[in-house]
Amino acid sequence: MKQPIRICMVGAGRVGKNHLRAISRHVPSGQIVALVDPVQPVLHETGTEFEIEQQFASLEEALEGAEFDAVIITTPTPTHLPLTSLAARHGKQVFLEKPMALNLEECDQINAVTAEHHVLLQIGFMRRFDPEFVAASQRIEAGEIGQPMMIKSNTHGPGLPPPWARDLRTSNGMLAEVNSHDWDTLRWLMGSNLERVYTEVANFKGAANNVDTPNFYDNVLVNVKFESGGLGLISGVCPCGYGYDARAEIIGEKGIMLIGSLEGQALVVCTNRDHGLVQPVVRTWPERFQWAYIYELEHFVECIRTDTPPRASGLDGRLAVAGVLAGTKSFLEGRPVYLKEITG
Amino acid sequence: MKQPIRICMVGAGRVGKNHLRAISRHVPSGQIVALVDPVQPVLHETGTEFEIEQQFASLEEALEGAEFDAVIITTPTPTHLPLTSLAARHGKQVFLEKPMALNLEECDQINAVTAEHHVLLQIGFMRRFDPEFVAASQRIEAGEIGQPMMIKSNTHGPGLPPPWARDLRTSNGMLAEVNSHDWDTLRWLMGSNLERVYTEVANFKGAANNVDTPNFYDNVLVNVKFESGGLGLISGVCPCGYGYDARAEIIGEKGIMLIGSLEGQALVVCTNRDHGLVQPVVRTWPERFQWAYIYELEHFVECIRTDTPPRASGLDGRLAVAGVLAGTKSFLEGRPVYLKEITG
Amino acid sequence: MKQPIRICMVGAGRVGKNHLRAISRHVPSGQIVALVDPVQPVLHETGTEFEIEQQFASLEEALEGAEFDAVIITTPTPTHLPLTSLAARHGKQVFLEKPMALNLEECDQINAVTAEHHVLLQIGFMRRFDPEFVAASQRIEAGEIGQPMMIKSNTHGPGLPPPWARDLRTSNGMLAEVNSHDWDTLRWLMGSNLERVYTEVANFKGAANNVDTPNFYDNVLVNVKFESGGLGLISGVCPCGYGYDARAEIIGEKGIMLIGSLEGQALVVCTNRDHGLVQPVVRTWPERFQWAYIYELEHFVECIRTDTPPRASGLDGRLAVAGVLAGTKSFLEGRPVYLKEITG
Amino acid sequence: MKQPIRICMVGAGRVGKNHLRAISRHVPSGQIVALVDPVQPVLHETGTEFEIEQQFASLEEALEGAEFDAVIITTPTPTHLPLTSLAARHGKQVFLEKPMALNLEECDQINAVTAEHHVLLQIGFMRRFDPEFVAASQRIEAGEIGQPMMIKSNTHGPGLPPPWARDLRTSNGMLAEVNSHDWDTLRWLMGSNLERVYTEVANFKGAANNVDTPNFYDNVLVNVKFESGGLGLISGVCPCGYGYDARAEIIGEKGIMLIGSLEGQALVVCTNRDHGLVQPVVRTWPERFQWAYIYELEHFVECIRTDTPPRASGLDGRLAVAGVLAGTKSFLEGRPVYLKEITG
């Protein structure tokens, strides 16, 4: 048995706990040795739940007080650049949650600092490790459905994002915080970068949820034109109430491929013929992507061990942010926006 | 446009109305010109609903008072022999509902009288006309799954059968009145006759439904050994409450085939992630076999027009009755029963 | 039995034959008494197949030579106005295939002339009669999924449309000839008219199919903003090769509804575990909408009998054409187009 | 982090490797510290693959040469009693694969020796840890489908069992080695013990596979009567070629529940409308029960830590063996066999 890679988890909230659960229960090759969160009760509660003795209010303190090989950063987007820079400068390998950053300048700085200090950078695009998405990608690349012509990807989630994540003044809103993965999925499965996007948004539940943030939206459709000539669609609904819905469809010159399902378990019940068949829906993202989270973290550890560049790279992260910025600009200005307007 | 075949419907109850609906709305090649039922209010009500002016209390009266080419007999099983005999002696083509008769002697007489008077005899095994079952049969015959090794067929229905149909003193009970089709499906898709059967029954809801008939059962499993060496299963549950459930599975040397589904419509709804996905179930047999009823009646008319033997024959009807008798004898005597004990 | 409504079928091609099949086999309340087609071999072949003795090269000749109550017009879109006008002036009830016409002026004239002569006008939006779409509509109206926020509707068809139907100089292209139904479905299920649209198109297979029509496209995505504030999507792929794919998804404030499926039959086969489960796909539109075609034609006959306005009206037809025109203008001009730019 | 439980894996074959994979990759709370197999090349190869340095030809040698807390026994059935006895006498906790033993006497001895030495005994009924089966069990117990009336459980597997496992002179054949789980599932989900069974078997592929063992069968159907009055079915096909098929259906007084599916991934592809939709099938048992294997091993470790009796007990193992013996006796004697004939 090799020694596990020692990891400092930065962020003890929802995403941090998801990764702690994955690693502590199912990824023996990694070991969480320190936990960081500026909010003391959250830090304490999560630390206790996962039996992590070394708890710190900041990454600085952790770097001083504990020994570890890598960090997993699961804190709000605006903190991604400073935390990554700090970790990189201390030679720590970096797993960074999506979205990578608020803008391309930050993405560029993150990529530069990790390269300069020769540390790995993996972005938390776990769909690239989901068995179904991976099989889909391999089969598309093998030519099974021919040249991709059209791709649709949706992420509809049950919960209203936190205030900072739905406010265009502090984040890039739902397109970034909820639909982040779709931007990456589109590029990945289409095998092409985006050329231009057109976005429509709607706000149906904001008032009922007492959200009066300017430009808040809870429904979004992004029409995409790829450099390859193909077409794409990103669909977002949040909060959607009916479950966690992450599916994709790709149509190639030779055929169609449907990835994912609403079905949460193969367990069908009928007790009333007027009501009908009832089957569990996928309820949450940790449930839908349970294996994907395990595999992306195994991959991170394995990349550290073998000094291999991770599959979900800082370039992928940067291009997803570019899409978000173009998509947002589109609905704010009511016109199609070219990616080159964003990337220069 | 050819003149439609003129039909006298004998029996104005549930099955009769199902066929009246199919013919009057969707089978223009047949025309119901007379209706027979001994129960005056039923006769009148059904006749009015389907705008059939010529209504009679008996087939005798109809034969005297109306002109027609064929009869469709949908009355209780004990009447099948006398009605078929009467119709055949008057040269009328016969469509006879399942089960064909109460015993093999009656089956033999029905086959003899229709042969003697050169009239067609079609038994109401509509599964032989259901698009899914037909496609399955053709693909099995084409060798797609290889030599069939095992077949399971179930009919679970929502409603308690009428008293005569669940009493072994006046009918052959659920194995005959509900599972009649399964006996035929087994032979048809297996391509072999039955060698022996073993039956287990259970009575769970009789008491709650105030049924105190001797030997009443509402659950049945029949284990079948075919002459081909293959295995079979018939499953019956009635009343089952959750819908109308008629599915089959066949395993051949090369693979598996699943026929039918509980899904009534491709219409999935989710409004509560704790409750799950909800989809309509198949609620009734007229819904499940809507096309099968239309096609079997079109077939009957077409066979009359072209003087061709119908696909679901009196021999098929007889062998289904033989299975029913063996299956019933098995659970009454607690032992496997060979078909040759029944057929001699 | 009432006398059937006598119908003259105008157009003996693919759609005409589909309706002839539906009526002659499954709609006894209508009777095709005359057939019109300017192409003699097509006229003769179709007339022979369906045993229609009265065959005419033009509607004018049919009006002189035959007696009928109604016409079903299945000819190319540019002929819709003159044929409807002629029929209406002779007091014939009109069933008119989609798309209603090439532009709003023609739609207006069609609506005017049928109103002036007090004849019914039903547009061939058969999805309004499909059992699954009808159930969906009723359940949405009953509030089951709450206020609709987003709707996606797709029509992907297997065959390359005929030259006139894919050329923007002689038709409105695929958005009109293939996706016609989606425009109507969106309005119908959303319960709102469209406010603006943005369209992206792609041409992947044109060259391989020797299509060099200007502005030809075989993939299209239309992003829709409704007057209600909701979002919509129309997706078109033709030719798509993998089957006939007509599905819709609606997300409301309370939940999601998925209509339709790629599954053509509940018949699953597996003979090779490396290949997987195989199930028939919906192959063609006549197969997918078999009941819808029967029911829309029954409805037309019933509306004639009872002098009731049909469910799929000239207004519905006109608004679908308006959508097509806006959608086409959008991709030609590379900008979102408001419906009021089209409707004035 | 607590110290992991140290485990000696006894048996380096197919099942042993499955458990090694589960533990080493996904169950950090357990650690394989020693490996036992009498076949040197197998021992060496498996040991190398999983980086287990301490390799032994026998459990005796392992007990002398290594320190561990528990054993996992995955060797052929006839070795279960001696190996369990040896481990128990040395105070090692025991995880024992199914079937527990060849007869009830051995089961009794296994239960006695583990009880005497106060070591835990868990039988490898991993379906009791499968998320779908667990959810089904909980919902049945909660009364969701009412009193269970009928249950069907099948295990159809792709590969021909090894010679010893298909020969009634050295094992109890397929009913024991393949359908072992079904016997347990029936009791578990029905909430009742079996009263009598009737078995039919068939041999279709033996000759083609050069199997001339007496009484060899590759298809089996067992009709079950429960003490509760309910009915049951066990279905076995092996080798079946089309995949690994483990599903169950339960019908209760209030409704039906279907557990499991043939679908291996939510990844549907269609590239040819004449061929149809293609979806991965479940190919193997490690794939179908991936989580179940992880959870049963986590459970074993947790039971050791907390000194709690495991969920799948020696009593459960014993009653499954009793079913196997009754089922086998039934087809050998051609009659229904009561469980009390076996259990005395």
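Labels A, B, C and D are assigned to the chains in the order they are written; within every chain, residues are numbered from 1.
The criterion applied here is as follows: a contact is a pair of C-beta atoms (placed from the backbone, for glycine too) under 8 Å apart; a residue touches a chain by one contact, two chains touch by 3 or more.
Model, not experiment: these values are computed from the prediction.
Among the remaining chains, those touching chain A as well as chain B are C, D. Note on B-C: across the candidates A-C, A-D or A-B, the interface recurring with over half of the contact pairs conserved by residue number is A-D. Between the interfaces A-D and C-D, more contacting C-beta pairs are found at A-D. Relative to chain C, the chain whose mean Cα position lies farthest away is D.
Centroids built from CA atoms put chain D at 38 Å from chain A. Chain C and chain D, compared by their mean Cα positions, are separated by 56 Å. Those residues of chain D in touch with two or more other chains are numbered 241-242, 254-256, 258, 262-263, 268, 270-272, 280. Chain contact topology: the protein chains form a complete graph, every chain touching every other one. Residues 1-2, 24-28, 31, 51, 131-132, 135-136, 139, 144-146, 254-261, 263, 265-272, 280, 294, 298 of chain C touch chain B in their complex.
Listed in rising order, the residues of chain B touching chain A in the complex are 158, 241-244, 262-264, 268, 270-281, 283. Taken in their complex, chain D has these residues touching chain B: 147, 149-150, 152, 156, 198-205, 218-225, 229-233, 235, 237, 240-242, 245, 251, 253-256, 258, 262, 334-336.
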